[in-house]
Every structure is written in structure tokens, then in C-alpha cells.
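In the part that follows, the structures are each spelled out as C-alpha cells.
Both of the next two complexes hold subunit A, though its partner changes from subunit B to subunit C.
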Partner chain A sequence: MKVENLAISYNGMTVFSDLNVELEKGKIMSLVGPSGCGKTTFLRCISGLTSPTSGTIQLNGCDITKTKPEERPVVLMFQQPLLFPHMTILQNVTYGLKYGKRKLKKKEREEKGLAILEKVDLGSHGERYPHQLSGGQQQRVALARALIVNPDLLLLDEPFSSLDPSLRSSIRLWVKDFLKNEGVTALFVTHDREEAMIIGDEIAVMKDGSFQQTGAPEEVYQNPKSSTVAEMFSEGVHFEESFLPANQLTIRPVSNLKVSDTETIRAVIQYKVYKYGHSFYHLHVPSLKQNVVVSSSQLFNDGDHVDLTYLRSSVQPFHNEQSTIYFTDKARQSR
Partner chain B sequence: MFSNKAHKFRPYLFLLPGLIIVACLVGYGLFSAIVESLSTPENEGDFYYYIELWQNNTFLQALGISIWVAAVSTVISILVGLYLTRTMVRLFRKDHWKFLAWLPMLIPHFVAAYLVFLLFSPSGWVSSMFYQLGWIGSIGEFPVMVNDPFYLGVIFTYIWKEIPFVILMLLPVYQEMDLRYEDVSRTLGGSKWTVFKTVEFPWVWPVSIEVFLILFVFILGAFEVPALLGVTYPKMLPVLAYDWFYQAAWVNRPLAQAMMVCLSIVSLFAAILILTFSRRWRKKWTVRREEI
Partner chain C sequence: MNENRKRVLLQGLFLLLFAIMFVIPIFFMFAKSISFGWQWPNLSPSGIDIRAWEVAFRDPRIYQSLINTVVIGGAVVIFNFLIATPAAYSLSRYEFKGKTMIESLLILPILVPVLAVAMGLHIPMIRLGLTDNLSGVILIHLLPTLPYAIRVLKAGFDRLNNDWEEQGAVLGARRATVFWTVIIPLMAPSIRSAALLVFVISLSQYVLTAIIGGGRVSTLPMIYYPFFSSADEAVIASFTVMFALLPVLFLILFETVCRSYLKILKKP
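And now, the complex of A and B:
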């Protein structure tokens, strides 16, 4: 998939402009961004449900910018399962094979439907109705319904946001494995950083209608290229021109002692949580008006004033290059 | 103040005045119609007038034309109403558009029929306008659209009057419909027609059937429009009933009563059908929808 200079505006309001993305076949890209940044509109443009104001969308070398949504080899999966309530699960799953150019005979359709239901572990649920299934099962049916048509590109618009947290964490791993096994090229939209990292081979951070940074999850997490990305995707504190990862910070009781090569910032302990066998302190840094989470084995109390110390050398300057973004390995190497 | 049992009966209590009026006027009318229609001449069977009615050529012709008018008017009203509702559903969120669409409902049927007469009769405004514009050589060349044997004027009046009713009934369905299903259908390869068939139709058709039954039975039994815009032969059922009822010799009165009883049975049957249908629909759809 290759998107060039994509722009859309409604009634003179620009949702996004000049978006450029390239995604290799078989890769999954996670698109992270706050609500209202244009993620959903971007997906709708690629699926054809919304027409862009300008720019082009190419898939497998063909320009599909003006192609009707039903004729694109692209399927969009929504936040809610949106299964047709009056159809059985099997009828829902085989919907895309009943009409249009992917039309198959009833027998073939049902065979394929049952096979994909088996794959999503719902083989015995074909005759049931959507309301008889749980939220997670419904979302799996929606995934099967999207994949049965064998799309060249699958677009997922926060598909787990309507699920409860425990179900959410189990289903996202399952979906990741499923998509990888099937070799599906996918664009996955979320506002959850953890989810983006789990599912995506690539991360794209979007804000205010433009891509802020892209790259492998670890790369974006460790080396944010702007304060916006640092704030949205990384963990640490950021200054005007640089970023300091949270793992470089040490919590110490307040003291006026100066150690060479280190710097100190004052912080207040907000609260403590235990996770993965460690204690994590949620701190507020008044001078930067930022919050940060730092692990420490020392004991502090809520409300304590503390020093956060770090080596000067651990501060990473931002290399802001907010322009064309490519997702192919080749393009990344050339950068 | 009210016990639980009394609470249960409260709705019936509030409905009582209305029920009493219906029971007295309609009930008594229906009762006397049944009695009169069953009052057979000497040496004849119990259902003499009913058998006579169903063998009467005038009645059968009237039945035919009534079904024709009711069916055509209803089907066209529903189709046009459905088209207008689905294309203008967003516009109808604004009250002034809604008011404009529903305006014909405020006009009585008789007035609507009179308007159609003024507009489309051979000496009406439209034919005069066509003549003035030179499109027709004389007023006589204007096609007969009022008091014509196909009841076109009657059908036109009903269509004009009933479309707003169809919109009134379908608009809530469209406003409640989850339009995201349209996106689901299209992204899975469904054309606009597929969207209508699989997304809109399942929601719309139960209400459309209800509307069909209501309109069909109403048109079948309504008097004023065919009385003004119909022809002397064949008459529509209500006009024929009126004729038979008030004929000087009164000999056809029992026949008219038998006809009214038959029409009432059809109406009652339609009402039962509507209720059963909507109850089944609610059970099947709303529950499933709420749980998803």
C-alpha cells in the first residue's frame, strides 16, 4: 500500500493534509494517536467510505483512489462487531461472499464460512445468532467476516475498544498471531500504546492530522523524535529539545549534594503501584508540568518530595524530521 | 392511594370513556348492521343477503375497482414515501422540512379530492393552462383524469394524502437505523442495492407491511374521495353501500348492511394481523438489537 499526499477537509476544516505512507505486504502497522486526530478518517479514506480531497492511494501498484468501496480489495473492521442481528453467525461470516464480485455458490460459501469459523475457534456457533455470543466472540466473528473475502489490506479501527480489559488483552494476542499466520497486511488503529506495540510490526504516531514519527515499536519508544511523540508513546520526561527515558531516572531523597555528570529535577510522589514484582512510583514534576513513572526498590511515601537524578549523557536530543514516512525496510535502511 | 390491583386496572379506567363511545356508536351500528343483514325474507336461508351479495355483479365490480384503487394507491404511496424518507432522512431532522412533508396530512380527504378535481378535471386549471400554452387544441383533448373508469383521480388523491403518512411511519425507523451497517456492507463488497436489501429492508419491511394494511383497509372503506372523483359505474364499495342504503325503496338496505359487515370483518382481520405482526417483529428484533 502506498499513500501519497493524502488530504481531506470538511467545510473548510482540514482533518489531515499531505499524509504519506508506504506499507509492505504482510506487515502490520499500528497507527497510534489521541481521539480526533484523524485516524478513523484516514482508514475510511483508504477503505473508500470517505473520499479524500486530494492525494492518491495505491494498492499492489494500482491506483484505487477513485474506486468504489465495494470494489476495493480492502476491508474495514469497526470498533463494534456490527454483526447483522437478523442473520446467523454463518450468514454473517459469509456475507462478503454472497454479493458483488466475490460472489460464490451457497455450498462453497458455507464451506468457506465453516472453515474460517473453525479457525477463529467458533466452529460450533454457525447456527447461532449474534446476541447469543459474548463480546469477544462477536469480535472474532467480525474478524472472520472481514478475512473470508481475502482482502489485500485489512483495516482495523480500534476493534478491541468495546471489550473489557481482560478480554482485550487475551484477544489482541490472538489476533496478532492469527493475522501473522494468515500473512495479512493490516493497518491497525488504536490509542493504546501497549496494544500498538503488541500488534504492530511498525508504529506510526499521529497527532493533529499528521504523522509525527514512524518506525519499529522499540525505536519509537526509545528514541522519540519530538516532544509530542515522547508524550504520546514513550515513557520519561521531555524538555524543549530533548528526551530523557524513564529508565535513566533514579529516585533519591531530596539533598543539595551535587555529583559530577549528573543532573537533578525535583518531583513529588503521587502514588505507588506494584507490577511485575517491582514497585513503580507515579511522580509529578512541577517544573516541567509532566508526570512520569519510575521504578525503585527504595521506600517512599505518597506526597514525598524527591529528587530525580540522571546522567547528563543519557539525555537524547530530538532529531525532528516530520516529513514523508516510509515503512518499507528498504526505505528505512536508506534513511 | 391505589392498591397494586387498582394500578393494573388504571389504564383501562382511563380508556373507558373512549371505549364507551366506540362501543355505543360503532358497536351499536355494527350490531344493527349484523341484525339487519341477517333478517332474511321468508323461505330463505340465514345468510340469504350474504349469498345474494357475493353473487351480485355490481358488488363484484365494485369490489374489483376498490381493490385496484386501494392496492395501487397503497403500493405507490409506500414506494414514494420510502424513497423520500431514505433520501431525505437527514433533512427531516429539521422541523420545517418535516412540517412541509407532513402538511398534506392536515388537509381533509374531501378537500384534497376537491383540489384534485379543480386541478385535473377536463375544465380544471391544468387543462386550461395547457390550452393557454397551446399544448392542447381544445380542453376536450386533455386526458380524462377525474371521474374516469380507472379512478386515476382517486388514486392520485390518495397517493398525495398518504405519502406523508408513510414518511411519518418510516422516519423513526430510519432515524433509529444504525447507518454503520451500511459501511459494513459496502466494505465487504455490497453495492448500494445490497445495502438496501440487507441493511435497510429488514428494518423497514415490518413497518411497511403494517402501513400497507392500514392504508389498504382505510382506502377500501373510505367514502368521500371516490364519491367526489369516482364514476357512476363501477362504484367503489363505500359509495355503493351508501347508494344501496339510501335508495328510495330500501330494498337493498340489507345488502348494504351485509357489505358493511364484510368490510368490518376485513378491517378487524387486518387489525389482528397488524398487531400480531408488530408484536412478533418487536420480539424478534428489538431484543436481539438491544443485546448486541
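And now, the complex of A and C:
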């Protein structure tokens, strides 16, 4: 998939003006960005439900910018499952094979439908109706219904946001494995950084109508190219022109002691959580108006004023793609 | 538990209200039509007598007017759907110039006395040969029914947002296909109410039928109303029962049609 100079505006109000992005076949890209930045609009453009003002969309080398949504080999999965309530699960799943571009015979349809229901672990639910299924099961049926037509590109618009957290974390792993096994090319929109990293081979960060950065999850996470990306996707603190990963920060009691090569910023402990066997402190840095989470084995109390110290060399200037100094021995020893 | 009890209570209340308002009057009407010498203060009639029904059915006009009523009602329902469905769909889904004007125009027939409009239309309809026959009456019945049909269907389309059409489209189905396979089944409640409303409105038209039909097209109300002056309560009661039964029969028939449509959809 390749998108060039895509632009769209509603009644003269520009949502985005010059989007460019490329996605290789078989890869999954996670799209993150603040609310209202145009993620849904972007997916709607690609699926053909909304026409862009200008720009082109290519799929497998063909220009599909002017193709009707029903003719595009693209399926969009909405936030809600939108299962047809008057049809059984099997009829829902096989809808695209009965009324879509490639119409199959009833027997063939049902065979395929049952096979894919088996794959989403709902093989015995074919004769049920949508309202008899839980939210997670409905979302899985919607996924099966989307995949059965064999789309060249699958678009997912926050498909799990209506699910409760525990269900959500189990289904996303499952979906990732499923999409990878089937070799589906997909574009996945989410608000959740963790979800984006779990599912995406690539991350695209969108803000103010343009892609701020695209790249592998660890690349974007560790090397944000701008303060926007740092704020949205990375963990740490960011200054005007540089970024400091959270793992380079050490919490110390307030002192005026100066150690060479290190810098100090003041912070306030907000609260502490235990996770993965470690304690994590949520801190607020008043001078930067930012929050950061730092792990420490030392004991501090909520509301304590502390120092965050870091090696001057661990600060990464933005727009620097070669800064790979973290996790050097020196940085580790200094903790 | 508490929720459940509340619901049962509400349902009971609703059933009671329904019984008081519809079932009991009809039942008494029916009882009255087949009873003999049932006068106040007697609690039960002194005998059963089907004289009133005989009187009603002895009138040779009744068969013709029953047929007319049903044919007109059915045709009015069909034409209403043919016109109201696309109209309501466009009003609900598309933005276009003059949309608000059309919407307010749709209330006009409810506000302005239909009689006045019919008077105005009478002369042109005579010229077009649309008086004194069934087609003219069917046409004029659209006047008091279409606004309601369009409003009911529009409310139904509004309730189903555009997501369903889009979901169908991304799965590769053409717009018309999605309309017939998803939207129409989901619209069933609205379609049912619109059909019944239109049928009942058409059923109770007297003046419009009289003016445009010129007395040549006789419907049930045309022979029912004159009976009021006869003061034969049993005969009036039998007519009333017939009147009440027609919509019920219509609803049953309509339901059957709906069911078979859904069955056909499920076939390969």
C-alpha cells in the first residue's frame, strides 16, 4: 500500500493536507495519535467511504483513489462489531461471500464460514444470533467476517476499545498471531501505546494532520524524532530539542551535591505502583510540566520532593538517528 | 430481581391498559351485535341473536364495499411505500438544498384540512378522469397518508445510522444489495407501523372518498355512517366489529409477507 500527498478537508476545514506513507505486503502498521487528529478519517479515505480532496492511494501498484468502497480489496473494521442482528453468526460471517464481489455457492460459503469460525474459536456458535455473544466474541466474528473475503488490506479502527481491559489484552495477542499466520497486510488504529507495539511491525505517529514519524516500534520508542512523538509514544522526559529516556533517570533524595557529567532535575513523587515485580514511581516534573515513570528499589513516599539525575551523554537530540548509546555498560553502572 | 419485578409490573400495567382501551370495547361491541334484548340495567343479554349480522350482510352493497375498502387500503399502502421509502431515505441520508423546506411541507397536510385540498383538486381530477373511480380514490387517499408514512419511515432510517451501509459496502456488497438485505430487515418495526397507520387512515376516510368517488365508489364507512341514524345499535355494533377486525386481518397478512421475505433472504 502506498499513499501519496493525501489531503482532505471538511467544509474548508483541513483535517490533513499532505500525508505520505507506505506499507509493505504482509506487514502490520499501528497508527497512534491524539483524539481528533484524523486517524479514522485516514482509514475511511483508504477504504473509500470518504473521498480525499486530493492525493492518490495505491494498492499493489494499482491506483484505487477513485474506486468505489465495495470494489476495493480493502475491508474496514469499525470500533463496534456491527454484526447484522437479524442474521445468524454463520450468515454474518459469510455475508461478503454471498453478496460481495466474488459470489460463492451456498455449500462452499458455509464450508469457508465454518472453517474461519473454527479459527476464531467460535466453531460451535454458527447458529447463534449476535445478541447471544459476548463483546469479545462479537468482535472476533467481525474479524472473521472481514477476513473471509480475503482483503489485500485490512483496516482496524480501534477494534478493541469497547472491550474490558483483561479481554482486550488477551484478544490483541490473539489477533496479532492470527493476522501474522494469515499473512494479512493491516493498518491498526489505537490509542494505546502498548497495544500499538504488540500488534504493529511498524508504528506511525500522527499529529496535526501529518505523520510525525514512522518506523519499527523500538526505533520510535527509543528514538523519537520530535517532542510530539516523545510525548505520545516514548517514555521519558523531553526538552525543547532533545529527549531523555526514562531508563536513564535515577531517583535520589534531594541534595545539592554535584557529580561530574550528570545533570539533575527536580520532581515530585505522585504515587507508586508495583508491576512485574518492581516498584515504579510516577513523578511530576514541575519545571517541564511533564510526568514520567521511573523504576527504583529505594523507598520514597508519595509527595516527596526528589532529584532525577542522568548522565549528560544520555540525552538524545531530536532528528538524530544514530544515537544508540543507551544500555552501554557505563550507563548501567551509573544506576 | 427488583428490575425483573418492575418489568413484569410494567408489562402487566400495559396489558391492562390495552385491554381497557381496545379489547373490552370490541368484546362488548361483539357481544352487543349478537345479543337480543340487552338493556340497562340487565347485566347479561336475555338471548343470542344473529339478526344484526344478517341485516348487515343482507345489504348487497356490503360485499362490494368490503372489497373496495380492502383494495383501496392495500393499493394505498403499496403506493405509500413506493413513494415514501425513497423520499424518507433521501431525507434521512442526504443533504440537499431545500431539505428543511420539504420537511416542513410534509407537516402541512396534517395542519391544513385535507378537505380544503381535496376541494381544490376536485376540478383538475375531473378533467383527468380521476373521479368516480377507484384509481382517483386511491390517489386522493395518498394525501392524508403520505406525510405520516414518510415521517415514520424517516424516523426509522434516522435511528439506523449510516454505519450499516458502510459495513456492507466494505464487505463488497453494492448499495442496493445492502439496502435490501440489511436495511429493510432492520426497518421492519417502522415498516410495520407505517403500513398499519396508512391502512387505518385509508380505512376511515369518508369525506375524501365521497367527494372524489362521487358516490360511485362505495367503501365500508360510506354504508357504515348512514346506519348511525337508524339507531339500530346491534347493527352498528356488527359494523364496528367488522371495522376493528379489518386492521387485525391486515396486520396478520402483512406479517406473513414480512416473514416470507426474511425467509427468502436466508435462502441461497
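The rule is short, and it goes like this: the second predicted complex is superposed on the first by the 318 of 335 C-alpha atoms of A that agree within 3 Å, B and C clash if a C-alpha of one lies under 4 Å from a C-alpha of the other, contacts with A are read in each partner's own complex, and residues count from 1 in each chain.
The working rule: a residue touches a chain if its C-beta (ideal position, glycine included) is under 8 Å from a C-beta of that chain, and two chains touch if they have at least 3 such contacts.
Quick caveat, the model's predicted, so the values are computed rather than measured.
After superposition onto subunit A, the modelled positions of subunit B and subunit C overlap sterically. Of the two partner chains, both subunit B and subunit C are touched by A:Ala146. Look at A:Pro130: by the touch rule set out above, it reaches subunit B but stays clear of subunit C.
By the touch criterion stated above, A:Ser47 is placed in contact with subunit B and with subunit C alike.
Within the superposed three-chain model, A:Gly96 lies in touch with subunit B and with subunit C [touch as defined at top]. In the superposed model, A:Lys106 lies in contact with subunit C only, and not with subunit B. Of the two partner chains placed around the shared chain by superposition, subunit B and subunit C are both touched by A:Pro85.
Of the two partner chains placed around the shared chain by superposition, subunit B and subunit C are both touched by A:Leu76.
Shared contact residues of subunit A with subunit B and subunit C: 47-49, 68-71, 74-76, 78, 80, 82, 84-86, 95-96, 99-102, 145-146, 149.
On the subunit C side of its complex with subunit A, the touching residues are 163-164, 166-175, 177-178, 181-182, 185-186, 262, 266, 268. Subunit B makes touch with subunit A in their complex at residues 178, 180-181, 183-191, 194, 198-199, 202, 284-285, 287-289, 291-292.
On the subunit A side of its complex with subunit C, the touching residues are 47-49, 68-72, 74-76, 78, 80, 82, 84-87, 91, 95-96, 98-102, 105-106, 145-146, 149. Put simply, subunit A touches subunit B in their complex at residues 47-49, 68-71, 74-76, 78, 80-86, 95-96, 99-102, 129-131, 138, 145-146, 149.
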